[in-house]
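Shown next, in structure tokens, is the structure this report addresses.
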Amino acid sequence: MSRRWLIVIIVLGLSGCSDDAATPERPDVIHLRAWAHAGQAAERRVIQAQVARFNERTPDVDIKLTLIPERSYNAQVQAAAIAGDLPELLELDGPYLYNYAWQGHLQPLDGLLPGDLSNDLLPSIIAQGRYRGRIYGVGVFDSGLGLYASRRALSRAGARIPGGPADAWTAQEFTALLQALAAHDADGAVLDLKLNYPGEWFTYAFSPILQSAGADLIDRNGYQSADGVLNAPAAVKAMTTLQAWLRGGFVDANVDDGAFVTGRVALSWAGHWEYARYAGALGDDLLLLPLPDFGHGTRTGQGSWVWGMTATGKRAEAAARFLRFLLEPGEVLAMADANGAVPARQAAIANSERYGDGGPLRLFVEQLTEGYAVPRPQTPAYPVITAAFQQAFFDIRDGAEVRAALDRAVAAIDQDIADNKGYR
Amino acid sequence: MTRAAWLFAAPALLGLLLFVALPFVLAFVLAFTNLRLGSPLPLEFVGLEQFHRIFSDPAFLRALLNNAVFALVVVPVQTLLALGLALLLNRRLKGLALFRTLFFMPVVFPLSLVSVVWILIFAPGANGMMNAFLETVTLGAWQPRDFLHDPVLALPAIMLTSVWQGVGFQMVIILAGLQAIPGGLYEAAAIDGASRWRRFWHVTLPQLRNTLIFVVLVTTILAFRLFDQVQIMTQGGPRNATTTAMYEAVQAAFARQQVAKGAAITVVLFLIVLLVTVLQRRLVRQEREIA
Amino acid sequence: MKRWWVNGALYLGLMALALVFIAPILLMVAGSLKPDARVLIEAGSWRALLPDSVSLRNYGDVFSRVDFTRYLLNSLWITACVVVLGLVVNAMAGYAFARMQWRGRDLVFGLVLMILIIPLEAIAVPLFYQVTLWGWRDTYVVQIVPFIANAFSIYLFHTYFLGLPRELEEAARIDGAGVLRTFVSIIVPNARPAFASVAILTFLTQWGAFLWPLMVTSGEAVRPLPLGIAAFYTLPPLQWGDIFAFGVMMVAPVLLLFLVFQKWFVRGVAATGVKG
């Protein structure tokens, strides 16, 4: 009886070893693996079509694409990185790029991207991909973050409509606006901050408040400490204002993610991905406005998925060809049309309905090209920074003393940087 | 007999050794280092540094407190509820099989999915299902609350979700134990003229003793391993009101990449739970002697 | 006469209790039948439990958006292996602890109980390093073998075997049967409820396993169901209808298993025939 089971176990083991069908590799073709995040259906279709088209176009390079669910993407990449099992080409969630570069997994892309391409890319894309002076990642699209509003509700409250980023509401104006709107609102909640979203959103969407106030997440000279920056008086003041909005009943819990589209709130602090849904619900009543100015001008978030490369030598050349293909204006536009994001190239933007001149989302382009968008800190310490900021945000939302919450975040960040010997 | 016994137990023991004991010893060792996930820096031994850090972390201390409170409430409540349901269902009545399935259903659904539904149920405002339910039941006396963000109500909300999910689990085990009680014992007691209550007290409970001990022990251990609901529903909040040791450990190891710190937390947790279960078993043994 | 109205009260009470138990599940099932937008908006009212219009579109979505069949087969294979092998291995160990006398038994059993305390999350990272070293990444083996031996199952079997009457083994010994024969022909058939419980509980744990497959697989070839559902958690707003439909389909096999094994509970321990 026990022998029978021994056989079963052996068979299992053998079957386990042979479940990855081995495709015979032709010697004259370079085989590369690529990982991408499995986003919305349209996005997936585009990337799959792109890989197919590239393979056809370049017979001496063959790319095998694996799509990995978005929510678990970072975790899976990290696990593969530790196991030494990363593919030659892979997407990375923007601000996590630096940690992988520091770990030594990524190869620099300098020299592999032609000059005219680099000049045509949005400055935000270059900024996001740079670590220690070299480019480790390049994005095909960037993100946009702003304040969607209902024109009718604003005019009912007698608010002025900002014409552009230079003209944004100040934080005080915004607070007064919230109160004016709340006077006409059934439950007093007039602002949607997407409190139902998962973790990274909070750093992406609300750290710009710090920068707008003249503070920041960390001292970007050397990235060695957050003390005096994240817990600076300006930061404390800005986050206290945010806390007042949250605790004052002005913010909808948004459990159903429908506060704005059902008209419960007049304002929604959201990203480019909401445009389609919002436009569908509000039509001409929809406005896109810059985020409030906390003293040093409006600031907004930026950054999204980037492509990185682990391949070296000849394989690096081949991988770079794929990246250059993805960055062709036509391809960039195809992806941006599919996921609604900001195309990474000016050439593509010019041809985009949404982002071209006069397009409804032109504000996002302005923000990215005119310096209103701030990249999340380009440091390997980013995972810890974002975890600490999120924790601080949640504590502040739940009524903690702002200075203490920010101090705790600073302590966690500084401790981590010290533990990692400054991430040198 | 010894050889046969070792042969019987060997495959399981080997499996446990290789895949649980060995990694745990490794984790134990890691707790004395500064290992971080994926860091290219060399590994160093730092002695008791990680332990020093976690014991000076108010979040961790609160987590231990939450775990204790959770265990003290959930273990008796869930066990008694499971016992009650098992007793109700241990009859040869038609249709009881359906109820067995219904009570067991919460166990069948993955916690990650169910927690999302509970978030909807606990939604703030008068429209949230729980708020609406309580308002109806208290005839309007209940004011709507944001359960998951309320420092007082958040942990009870998590407890409710846990009990809801766990009762079917324990009920199934107690049912198996009830089924094992030979019918002859009940008949003998009935012949002796014992009432239903006395039959329960003198036949059912003693026969169920081992099963109940098992259920209490396992529920206690699981109570200290509380993680899934906290991660999905409250993320440890509001302000550590619902954080647990395992949540802190996973946050440390995976979100902040501090594997060594996570390992230290699990080592401390292990020792605490070991202590608790040893005490529990000792207590039970004493009772056996007195009786 | 008294009989039926006591039973009637029992049924009523059970129904009320059952409703409370399954309300969240009804919410999910109802949600799986609604178009996405309405799932959350109607969550507060009674319409959350009973949709007024039913559509199977979400179920269709599940098949078209992800390779559900493949994930299903992967999960079935992995879980079946863990359950079947686990039943054999753990029952034997449980029996050794419960009914056999051997040197070191109590000490080793104490160690097994200590292992019960260790959650997967505590050993996930070191175990991950281990299996990576052995080259087990992205296989079925890595999702099966570490979970065959299980302290909880051993303890459950041990508890159950302790409760069996000794006369069973004595009778077998009188008949000249060795330990293995006794175990297979006498103990196992009399321990159906224990086998059923362990089978169901192991199946559940394995079926829903998420963290471990997440860490040790990346490709689609051996990806199990729970990882598949992550595919629906893309950018907000999330498609709750699809997620719930996936969830409902994910639990269907388990429910089926439970319904089948339920009969083993009901049958209970057959009369031993030894006691007078």
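Order of writing sets the labels: A, B and C. Residues in every chain begin at 1.
Here, contacts are C-beta pairs under 8 Å (C-beta built on N, C-alpha and C of every residue); 3 or more make two chains touch, one makes a residue touch a chain.
These figures come from a predicted structure and were not determined experimentally.
Visitor: Check every other chain and keep only those touching both subunit A and subunit C; list them.
Guide: Expected: B.
Visitor: Given the two chain pairs A-B and B-C, which is bridged by the higher number of C-beta pairs in contact?
Guide: The comparison resolves to B-C.
Visitor: Subunit A to subunit B: how many Å between their CA centres?
Guide: 37
Visitor: Take the average of all CA coordinates in subunit B, do the same for subunit C, and state the distance between these two points in whole angstrom.
Guide: 16
Visitor: Give me the residue numbers in subunit C that touch at least two other chains, ranges are fine.
Guide: If we look for residues of subunit C contacting two or more partner chains, we find 40, 43, 129, 145, 180.
Visitor: Scan subunit A for residues touching two or more other chains and write them down.
Guide: 75, 82, 255
Visitor: Two or more other chains touching the same residue: where does that happen in subunit B?
Guide: Expected reply: 37, 120, 123, 125, 128.
Visitor: Hey, which residues of subunit B end up touching subunit A in the complex?
Guide: 7, 34, 36-41, 119-120, 123-125, 128, 146, 149, 151, 235, 237-239, 251, 254-258
Visitor: Residue numbers of subunit C touching subunit A in their complex, please.
Guide: It is residues 37, 40-41, 43, 65, 81, 85, 88, 128-129, 132, 136-142, 144-145, 180, 184, 214-216, 218-222, 227-228, 230-231, 233-238 of subunit C that touch subunit A.
Visitor: Which of the residues in subunit A end up touching subunit C in this complex?
Guide: Within the complex, subunit A touches subunit C at residues 1, 5, 8-9, 12-13, 15-17, 19-21, 35, 38-41, 66-72, 75-76, 79-80, 82-85, 194, 196-197, 255-258, 262, 273, 277.
Visitor: Residues of subunit A touching subunit B in their complex?
Guide: 2, 75, 78, 81-82, 99, 102-104, 187, 253, 255, 383-384, 387, 394-395, 397-400, 412, 416, 419-421
Visitor: For the complex, which residues does subunit B have touching subunit C?
Guide: 1-2, 4-6, 8-9, 11-16, 18-24, 26-27, 30, 37, 85, 88, 93, 95-97, 99-114, 116-118, 120-121, 123, 125-129, 132, 164, 168-169, 172-173, 175-177, 179-180, 182-184, 207, 210-211, 213-214, 218, 221, 224-225, 227, 246, 249-250, 253, 259, 262-263, 266, 269-270, 273-274, 277
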